[in-house]
Amino acid sequence: MYQLNKVDKKFPGVHALKAVDFKIGRGEIVGLVGENGAGKSTLMKVIYGAYQPDGGTITIDGKPVRFQNPRQAMDHGIGMVFQEQSLITNLTVMENIFLGFEKQFVRFGVINWAAMAEAARHQLRKVKLAIDPATVTSKLSFAQRQLVELAKVLTLEERIEGDLVILLDEPTSVLAKEEVELLFSLVRELTSRASFIFVSHRMDEVLELSDRIYVMKDGEVVDVVTHDEANIDAIQHKMVGRDVDKQYYREQKQRPYDQSRSLVRFDRVSLAGKYSEISFDLHPGEVLCLVGTEGSGREAILRTIFGLEKPSTGRVEVKGKPFDRANAQEAVARGVGYVPRERKVEGIVNGMNVYENMTLSQMGNYASNGVLRIAEEKALAEDWIKRLSIKTPDVYKDCGGLSGGNQQKVVLAKWRSGGSDIFLLDHPTRGLDIGAKEDVYDMIREMCDDGAGIVLVADTLEEAIGLSHTILVLKDGEFQKRFDGSPGDKPSLYDLVHHMI
Amino acid sequence: MGSRIRRETLVKWAPLLVLIVLCAFFAAMEPRFLSTRNFARILIAASPALMVAIGVTFVIIMGSIDLSMEGTVSVCAVAFAFCFLWLGGTLASWAWLALPVAMLVGAALGFINGLVHVKLRIPSFMASLAMGFVGTGLAMVMTGGDRIRIEDELFRSLLTERFLGFPLMVYVAGLFLLVAWFIQTRTTLGRNFYAVGGGEDLAIASGLNVNRVRVLGFTLAGVFFSVGALLAVGRIGIAETATGNNFMFLSITAVVVGGTALWGGLGGVWNTLVGVLIVFVIGNGMVVIGLPGYVQDGVLGILVILAVILSTDRKSISFVK
Amino acid sequence: MSTFIKDFIEKEKINRRNFLFASAYGLGGVAAMGALGPGMARAALTDPTIAWSYRNRTNPYWNEIVSGGEAFVQSLGMSKDALTHLINEGSSEKSLADVKAILAKTGGNLALAIDTNDAPNARPVVEAVAEAGAYVSTLWNKTDDLHPWDFGDNYVSHMSWSDEGPAEQTARILLDAMGGKGGVVHLGGIASNNPAIERLNGLKNALKDYPDVELLAAEPADWDTQKANQVMSAFLTRYGDEITGVHCANDTIAYGVLEALRAEGIEDMPIVSYDGNPQAVQLVSERKILATVFTNPHWGGGITAALAYHAAIGTFKPSEEPNAHREFYGPTIMVQPDDALEFKANYLDSVPTYDWTDFWGPSNGPIVYK
Amino acid sequence: MSLEKLKPYFPWITLAALVLVVGAINPSFLNPASLVQLVADIVPLFIMALGMTFAIYIGGIDLSMQQVANLVTVVATVYLVQYGIFVSLLCIGAGFAIGAISGWITTRQFVPSFVATLAMGFIALSGARFLSGERALSMNAEARDASFGWMFGNTAGVPHELVIAGILLAIAWFLQTRTTFGRALKAVGAGELAAVASGLKVDKIKILAFALSGTFAAIAGLMFSVKLSGGDANLANGFLILAIVAVLVGGTPLTGGVGGVINTLVGTLIVVVIRSAMVYLDVDATMQQMIFGVILIVAIAMTIDRSKMRIVK
């Protein structure tokens, strides 16, 4: 029904899409996978009208169409659920759902709120969300917002004749496992009304949900596989053009840690409303993984170690003594490095170049009496660019212009070069392609070998299991269970999930 | 959760509380403060500023800022005066047409302001600041520096005719306040201001024509500036280049004091009403209780800071610039 | 009361006579210089640019000043566009920068009339002009330690007005109208401006003779109509019926006061003001204002430019003039209801044609420092 | 050279174009001596714009600068005889303190700098009016010449004001580009959250930035006061808007983290050239403000680098 024929898109210096053929049938769920830079996002933008192709044609039911903007694509039944939360948080749910399409409720210039609320309730029923449409969006949970987004796209159903194509861009990235299941069952149900294009970095989810999977590499579709014949290894091979090592998580490099010393000690620590009575020790060379759903207290623990939150009771020791005044400066001075989930907002400074970002947390080491030794900074940056093979033309490149993986490497280089030996990694591989992920895993092992302790909040459970020496399972801020993760003796997915929910 | 909701409620009503506390304080210091006649005086002084502040409120809700009000008010006042006198000089003649003409002039200036901002992609702070220069300059060119008196008794009845102790201009301002409230809550445009202020790129992704909303926002602000200009002329009976003086900092201070966030998406016209009243009650109260002139600026500064601190939800924002 | 005006016109007539002498002297001066050759004439300029630097165009007072400057330029047979305007918008910094710019542009071939916006700004302006060899006459603002005779010929003259006396006279008119009892409020100019201080002092001096009148309050209204309107409103709240008279530092303030009273339905409050703007004179004739003081800004604006110009072209040599001709007070005329219409007809409706070489005729004696 | 590469030089190109246009119409504008004089005269404005750069560079604004300068003119005039040259310390201390308080109110009390600094300005104005006794004061000429005579005059044809401006510019430039403080400013302006997460003392840096803008305002006020040999509560009026305009035209946008003190130098020069061009080109007095506004729009449209701005607000 919806079809792309030999679609081409070029940007200055980049051939982003090379004669891509793509089609999706009525009620079908099509997966789209590929490494970062493979052309997935360009393809999606062409589909929902943000980009116009340079060559090739787009047809719907055989009729050629051309979209100048997303609005026109919507008018043809193509909607997009964005990766980043795309709801405007200061508006009510119903306003978000009908944003840009309020006209239907307007009589003589006046909005009929009752009518809009009724229509919104109708949409929310489609996604099985029982909330008051007049609720302000900021009061909703992330999962609820994701569903509202879906409901918003589903308004297309009423608005246009014909079939719907809905793009789901990384819809699960902020969802916990059970919420993902909920979303998937919903999507399957909705195939009676719409087709879906599903884009995700989580290969297992793509495999689980999709009827067919398009594999992209270097702007081309390199393979199309059906649900039944799909195989993770084969797809990953196609994506990266090489075998993905069985030892993806570098388990062979996992060494026992030094039990004699403690880097971070939590002794019955509580933070009101976030977590309670948490105790653990982080040792040199250890990867300690906090596992739990969104809101289980994982992030709050990281933020406590970094001095951004002050615990209400209990004792936190970093390198043997508690903070005098809990703040980030003191944590950094004690050798704590924080790799935040919001890489572009908290990790790097968009607008500063590579060396400026690398020394940001440790300017004191590159300054005499407050005067910077810029030559040394550059030397440091060049050194780490080589060591981590960061892809950047030079040290003067604005970090905002680097790819996600390279940005993450800059963040890690910042802390490692500054001599940090306690790392707080919050979703360190989020949004990275496989190659970049593997680089991060390598780095984690290296850091352990150097005697650093790592507290990890992983992107997936597999990652958590694969990487960690120790796993703490949390639920609603309460400690549930501790697992030991020595190589060959790792807990199973089921073990963890059992305690999480 | 309970404490959070209570704090939210407190923060939401803080500006009004500040206003009440201020009134109570001034009344305690000087009982005559608390009289209908004095409130009428405060409202007369506040009415033009309220109109200007409401205009800029819409722009601030969008996350932009409009600093062109001084120029726009002057041009509208002068254009109104010329047109009014030319058409007969009394509302009983065709000269009433000068009222819509002035509003059209305001709309046109706001429209140009919006176009400069959106089409030339100049941040609104700079675009509107420069447009303010243009406006003041234009008023100067139009008048050559002269003042134009509007003596028409019918027009001046805005000030001289009273109903329930308040002059007509207060009711006119109240009417336009309701119009603004209506626009804010019941029209697509009003809601779209909040959408743009809440997340511009998200609004674009939802298919909203953000540039159009922006230009319309500045145009609407221009219309309210012109209403402010009309009331200012009604109050003094003089239209001149200086009619717009002092409105810029005054109106933006009032908007912020009322609890509308400068980063957009929050607040509204009722907040602005409270903010304008706070500023004018302070101004009136300080003279009424007889503070020396040189202290008044400083006290105003301190009270403004306090009012903003009280009406800010510190927990919900990570930083402020 | 029209004696004020009669006196003034009388004075003018006498001055006309003086003017004949003056112009004869002027012509003689030019001729003499011609005879003395270029060596002497170098001190003078030929065909200098004539400029007026002032605060803004939104105040009728400055418009009158400028109209005088233009009238003077026209009297030289040039179009009125020949007068260069420098507007400082209330910024001393811009005032000085503009002067420097025009000095550079003209290479010092300049006759400048200026109000420097703020008293401290006068010294750097005068110094810059003197250094460039141009000629300047100042109006209103200068510090007391700055004198034209310290700069040879280049700082030609300074004219100001002693407002204390006239303000005291208007105050007496006001206090008499109040029946010598009750309460009076004063709305002043920008507090640090000299005229604002003097005008308030005038009121205070008069009050000494009226023990039954209380000065309820004095607040600055910054020469601004809207601000005056607000301050008067607040006064009405604070003092209510206690206020039986209003003393305004200038006409623009009085307009705001009148409107504040009008909003309250008060029509018969005795008010006096200052400056003698046309609108105010009209209001005086309608007895809405009891008195205002006309300072003849048209003449002031013209003569200040004329002094600078004629000194520049060598019509007279400032350093040979007595100090009384280099620092002097401008004329003041009291305008009251009975003579307001007559005054208006003579001075405002048809602006008298002044003789711009009668430099000191209508002036009001040398400036006295306290 | 591509357009991309030229972008950082747009302010310079705009300046050069303006100078050439004015010079072509009225060649006397290009007289070197008068150009030097022209530049020397705007030094107080430039110093104020330099200070404003710090506030805008971190994404804020400082509207108190004009009133700080007003206060300083009064302080300098009143206490000159008593303290001699050390009155400068008093002035600078006052500017620093007022700026720091503004910064504290902004960062710790979450009052937007637009309002916080405006209100602090009112407080400074009150102080100036009180201290001056609501009069225009003039400096004791001997004390002025003894303590601050060195500020003005020429050495080898170079006005001393220019030397002072040059030194301050060098200090500001050094602070911005070569010190940890300057780097931290950039980080705060471009990505405040990342700066927090890197362990920078963000609040302290912001407060210092406002304190610096206050300090520069005080220096500007002091110079202006000495130049005019007096002080009153309105003396520095007219500086504020021009200083903001100078910073913005130079290409330091209000979003922060971009631009810097060199941009401000260019911006100030552009503003001054536009302003004096009005005099040189005999622009009708009533038209000047309107034309200034229009040229400003054109200048800003040409100078700002939009590539760093994701959204234009």
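Letters A, B, C and D name the chains as they come in the text, with residue numbers starting at 1 for each one.
Convention: a contact is a pair of C-beta atoms (placed from the backbone, for glycine too) under 8 Å apart; a residue touches a chain by one contact, two chains touch by 3 or more.
This is a predicted model, so every value here is computed, not measured.
Path length between chain B and chain C in the touching-chain graph (shortest route): 1.
Annotation of chain A and chain B: jointly contacted by D, touch as defined at the top. Summarising the inter-chain contacts, the pair of chains with the most C-beta pairs in contact is B-D. Centroid distances from chain A, each centroid being the mean of CA atoms, peak for C.
Each chain gets a centre from the mean of its Cα atoms; for chain B and chain D, those two points are 29 Å apart.
With each centre defined as the average position of its C-alpha atoms, the distance from chain A to chain D rounds to 44 Å. Per-chain Cα centroids separate chain A from chain C by 73 Å. One inter-chain figure worth recording: chain C and chain D are separated by 34 Å, centre to centre, where each centre is the mean of the chain's CA atoms.
Multi-chain contact residues, meaning those touching two or more other chains, occur in chain C at positions 57, 191, 220. Those residues of chain D in touch with two or more other chains are numbered 129, 134, 193, 286, 288-289. In summary, the structure contains touching chain pairs A-B, A-D, B-C, B-D, C-D. The touching residues of chain A, when paired with chain D in their complex, are 306, 308, 328-329, 331-333, 338, 340, 342, 345-352, 356, 359-361, 363-364, 367, 370-372, 374, 414. Partner chain B is touched in their complex by these residues of chain A: 69-71, 74, 80, 82, 86-91, 95-96, 99-103, 106, 109-111, 113, 152. Within the complex formed with chain B, the chain C residues making contact are 56-60, 62-63, 191, 217, 219-220, 224-227, 229-231, 233-238, 240, 255-256, 259-260, 262-265, 279. Interface of chain B with chain C (complex): residues 30, 32-33, 35, 37-38, 40-42, 44-45, 140, 143-147, 149, 156, 159-160, 167, 232, 235-238, 240-243, 245-246, 283-284, 287-290, 293-294. The residues of chain D lying in touch with chain A in their complex are 178-181, 183-184, 186-187, 189-191, 193-201, 257-258, 308.
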